[in-house]
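Following this line, the structures themselves.
Next come two complexes, and both contain subunit A; in the first it sits with subunit B, in the second with subunit C.
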Partner chain A sequence: MIKGEKISGMALFLWLVTYTLGDMSILNPAIGAKAYQDSWLGFILGWTGGFILMVIYVSIIRLTPSKTLFEILKDSFGKYIGSILIIFYIWYFIYNGSLVVREFGEYAVIVNYPETPIVFISALLVFMAAYMIKSGPQVISRVYGILAFIFIFSVLAITMILIPQFDFTNLFPFLEHGIKPVLKAGLNTVAFPFGELVLLLVIASVAKESVNIKKAAYSAVALGGFLIFVTILRDIMVLGPGLLENQTFPAQASTQIIPKPLDVSPMVSVSLLIGSGIETTTYLYACTLGISQLFNLDDYKPFVFPMAALMVMISLWNFTSVHQFFGWVSEIYPYYVVPFQTIIPLIILIILWTKKKAKS
Partner chain B sequence: MLKHIQKTIVLLVLCLFPLVITGCWNNVDLDDRGFVVAVGLDKATNGQFDYSVQIIKPSAIESRKQGGSSVATETISSQGQTVFEAIRNLLSKTDKKLFYGHIQVIVIGEELARQGILNVMDMFVRNIETDKRAHIIIARGTTARNILAAEGEVQDIPAVEITNTLENVKSLPKIKETKLHEVIKNINSNGNNPVLGVVTTPETTEKLTVAELDFTGAAVFNKDKLVGWLNPEETTGFLFIENKIKSGIINVNNPFDTRAKVAIEIIRSSTKKDVRFINGEPVIYIEVKQEGNMVDQQGEGDLTAPDKIKILENETAQVIKNEIYHVISLAQGEFQSDIFGLGDIVHKKNLKYWREVENNWNGEFSDLSVEVKVDSRIRRSGLIKKQAGEAR
Partner chain C sequence: MQVFGLIVIFGLMVLIDLPSLLKTDSRIKTMVIYFCLITLGFTFSLLYSIDQAPPSPAVIMERIIRFIIPGQYTVQ
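== the complex of A and B ==
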């Protein structure tokens, strides 16, 4: 279905790593679930869950090579139910994209540009993404193949600079608030960022036939998860559990503690720009591709700009305040995404298996 | 034809780009900015806050360089029920847009500090513009506004002179310097209370200068309320416990002549503080390892002999021990405030016990027994062996 040159395994890997890290460089799903110093444990649980989800996605791809999620849906559920599910997925992608855009906008308005209207910031991000998608997935993978290194470097550099501020005793006492908040943190982590990798089902079809998708996907979950794990441990050790839970943006707060004259908080903004950029781009790409395949069209490009505009609008209309936004993301979002990230892929896998058995 | 139109449109759009990418949305020229370098907070009589800022006057700095004597900064103040209201009220007294990114020091008046500092500090932590690494000091027996009005002598900007003096704590452990983020961390914790730096003014002066201000000593807090003061020697003891000693001088008696003193310069010091549970009872345990050089000798005698060095070492250890015991007994008795973060250590070590005492930790802390160990070493004694001028 997708025309043009296909991308290599390395490019797919870098795309997935950057996408997994995404906005995790400023906001952590495991933090904010009231697990305090045990957030890292919750993250590890979620990380494990992420690997399990990845097993499902990779198995689906191995059974249906070089097909997108939308084609798989049509094949396994039939024309009508399949189309309805495609519409659901298009909604899921554009809505998730709007969440990322909103988060980036809120960060920029709170931290970088207090007097700039949020619509201006969101629109710039989304239209940059739209422009990139117009040029095709190859361009996206090339751009983020380069930016991925800047991203990873800035995350690691901030951590290195903060090493003198580490206080290992901040990790104790272990399980002070019981296991329940830790499990909640784990659930949040599964939904965000690892469950978001359901997008692999869409972008894997861009990769060359010879690419070992299994290898690229698992190593991306491993490296991306490791980097997020490092930022979680860093923020707990630098800020301490109490201060950490009180921060809107923990990573940004950590950088402000670095002694004078060094000021690396712009690096946090840069990494967020790259992370939010790739998430927005990928979601926008997925939903425009979904629309074109829903109607069996050859080209997805005419939908890029209208969907981009819609994404900006949804991001602005959806929440009246930043508190509502964060409340929704931490309380409802982890449950809302379960059908899209776990249930439907699982059903697809079961259908594919039974079909395969019936054939043989 | 169509291509021409397309090209023209692209060209026009390109021409529009420079307008957008030249600068920020809310661009303010440097001339219109007022750089706030110091902030002072006091309690006003009507239950409001009295808020003063020190602003740099760039033109005055230029004229000072050319030999003029005009003051490089100006201090203006306003009042408000909240800090932010006071900040906005300030705009009626200046033509500049105030910028807080280069804030060096936050001074809080004694009266306000006794009432609690959290309400006035919230804004500085919440706001993105303020530097979280600004120093915080308490103006003892005076108002913050008076301190800000002090003129700089060495530096053009008094606030810079104040921070430079505070950073001398590296060599003079009688000063306590605390940064904004450190205070917030301490108040945030249940088992720790902040200790802030102090500034005092001389008794009588017409025109105050920064050189006349005294920065030694420290202010002791319980949660966010000021409860007492440490004098310079007690501050040294406190810094020993906190492992913040970088250098410093300890005077001990000359073993040959008890009226004469010998000065030991601390070159290295590290402290382990801990709470140990002995038979279920917590005991404060402090262990200091200190190294020093003998740098100054009064009175006669060869102090380089091993047994004499041993005496000096023991005496040094005793002096440090006494200082530590003294400051702990002050915290346990007079202040009833755990300023050493021992509650945090208990919290991390023994959660079960902590849950029992959490709500009355300061009371529990006052009853703990203390064990201090000091290991003192003298490494070198400079270019000469006996006192200068002593031949035999």
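== the complex of A and C ==
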């Protein structure tokens, strides 16, 4: 159980919305599956899958209130298997964090700062996150509680400005490439961004006991999902399916279509900074908390800087180019995360239900 | 030059963390874990900076997943 000041339901909701939106403000989760104009349909399938996953996570939280994922793992699987699974989850969190850092670094270098080394940009993002984590989860929730509004405003404002460029015919013909790419797009969407909400099992323990976690979590998936859906539809209608599938950053490409002198591309960068910031902060918080709970230590703060350094290093070491990065994320990532996002939480839920039945 | 930079960065991190490390309840346990993580980070950063890094996690994971689900390799 985490000691210290707890956060409110609203703060948890805003944290989750910002986290769900994350880097989705510049990416299309359905891209890479070759669903083209039907990627919005793939997203809806994935969104539905996201709600199903959320049912699993919320059920676990209701059965083990005030406990973190790491404590639940030890309770459910015992000391040894539980500890091994904790190590796997620490890896999952630090690795996912490194992917976010790499993506942010690539975007910043390609779009904003072509002369700046990526290591400098990545290190700035991670050490800003580390500083916030050292101040505690309450500070994280307050910072992103404010920034969430700027983030949502940016996404909606860009969409509104782009309305004159919408071409509804870009959404047709319907299912031109069959159902298979749509299903693959759906699988990608479940893994990224909705499956990433497995982190709720870590951060829910910092919420006040009176908080209705169920309400905060489902509302966050609904609002976050809706905003991503809006950006996907916007990018399809503005760019068209062919151009959309070939863009590394569709949102950035969409804003470039707006006639001059209006330039809203800095808003895309700001929303990515907020989105990547919350994701990096939450992953770094989760993995440092995991380290401290693995070794039964009271304080996670001493491990923030070493884990931050590891995160930056993994982000650089992993891929040699942005194309490798996006290829890996769309082809390998949806399979790699299945155990962490679906299988292990499902087993935990079955174990908790069995234990509860045996007790009653 | 890069190696010197790494020593300075990791040294600074230890210096910043040292006061809080000395205040923790289980000081020895915390310090052992802390310095293990620092050593791990420093070693990999050093190997990466001198172009001697082992295969990246992405390569290893792709090989494992491609063993189960065949397909084109994205990272070599």
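Here is the rule we go by: the second predicted complex is superposed on the first by the 360 of 360 C-alpha atoms of A that agree within 3 Å, B and C clash if a C-alpha of one lies under 4 Å from a C-alpha of the other, contacts with A are read in each partner's own complex, and residues count from 1 in each chain.
Going forward, a contact is a pair of C-beta atoms (placed from the backbone, for glycine too) under 8 Å apart; a residue touches a chain by one contact, two chains touch by 3 or more.
Values in this document were obtained by computation on a predicted structure and should not be read as measured data.
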Exercise. Touch check for A:149: first (subunit B), second (subunit C), both, or neither?
Worked result: neither
Exercise. Can A:95 be said to touch subunit B (first), subunit C (second), both, or neither?
Worked result: second
For this session: Quick one: classify A:353 as touching subunit B (first), subunit C (second), both or neither.
Result: neither
Exercise. Touching A:335, do we find subunit B (first), subunit C (second), both, or neither?
Worked result: second
For this session: Tell me which partner A:169 touches in the superposition: subunit B (first), subunit C (second), both or neither.
Result: first
For this session: Classify the contacts of A:226 with the two partner chains as first (subunit B alone), second (subunit C alone), both, or neither.
Result: neither
For this session: Between subunit B and subunit C, pick out the one touching the greater number of residues of subunit A.
Result: C
Exercise. Which parts of subunit A are in contact with subunit B and also with subunit C?
Worked result: none
Seminar exercise, completed: Residue set of subunit A touching subunit C in the complex reads 95, 291, 295, 297-299, 301-303, 305-307, 309-310, 313-314, 316-319, 324, 327-328, 331-332, 335-336
Exercise. Within the complex, which stretch of subunit C touches subunit A?
Worked result: 9-10, 13, 16-17, 20-21, 24-26, 29-30, 33-34, 37-38, 40-42, 44-45, 48, 53, 56-58, 61-62, 65, 68-69, 71-72, 74-75
For this session: Using the touch rule from the top, collect the residues of subunit B that touch subunit A in their complex.
Result: 24-26, 128, 131-133, 181, 184-185, 188-189, 344-345, 347-349, 351, 354
Exercise. Which residues of subunit A touch subunit B in their complex?
Worked result: 110-111, 113-116, 120, 169, 172-173, 176, 239-240, 242-243, 246, 253, 256-257, 259-260
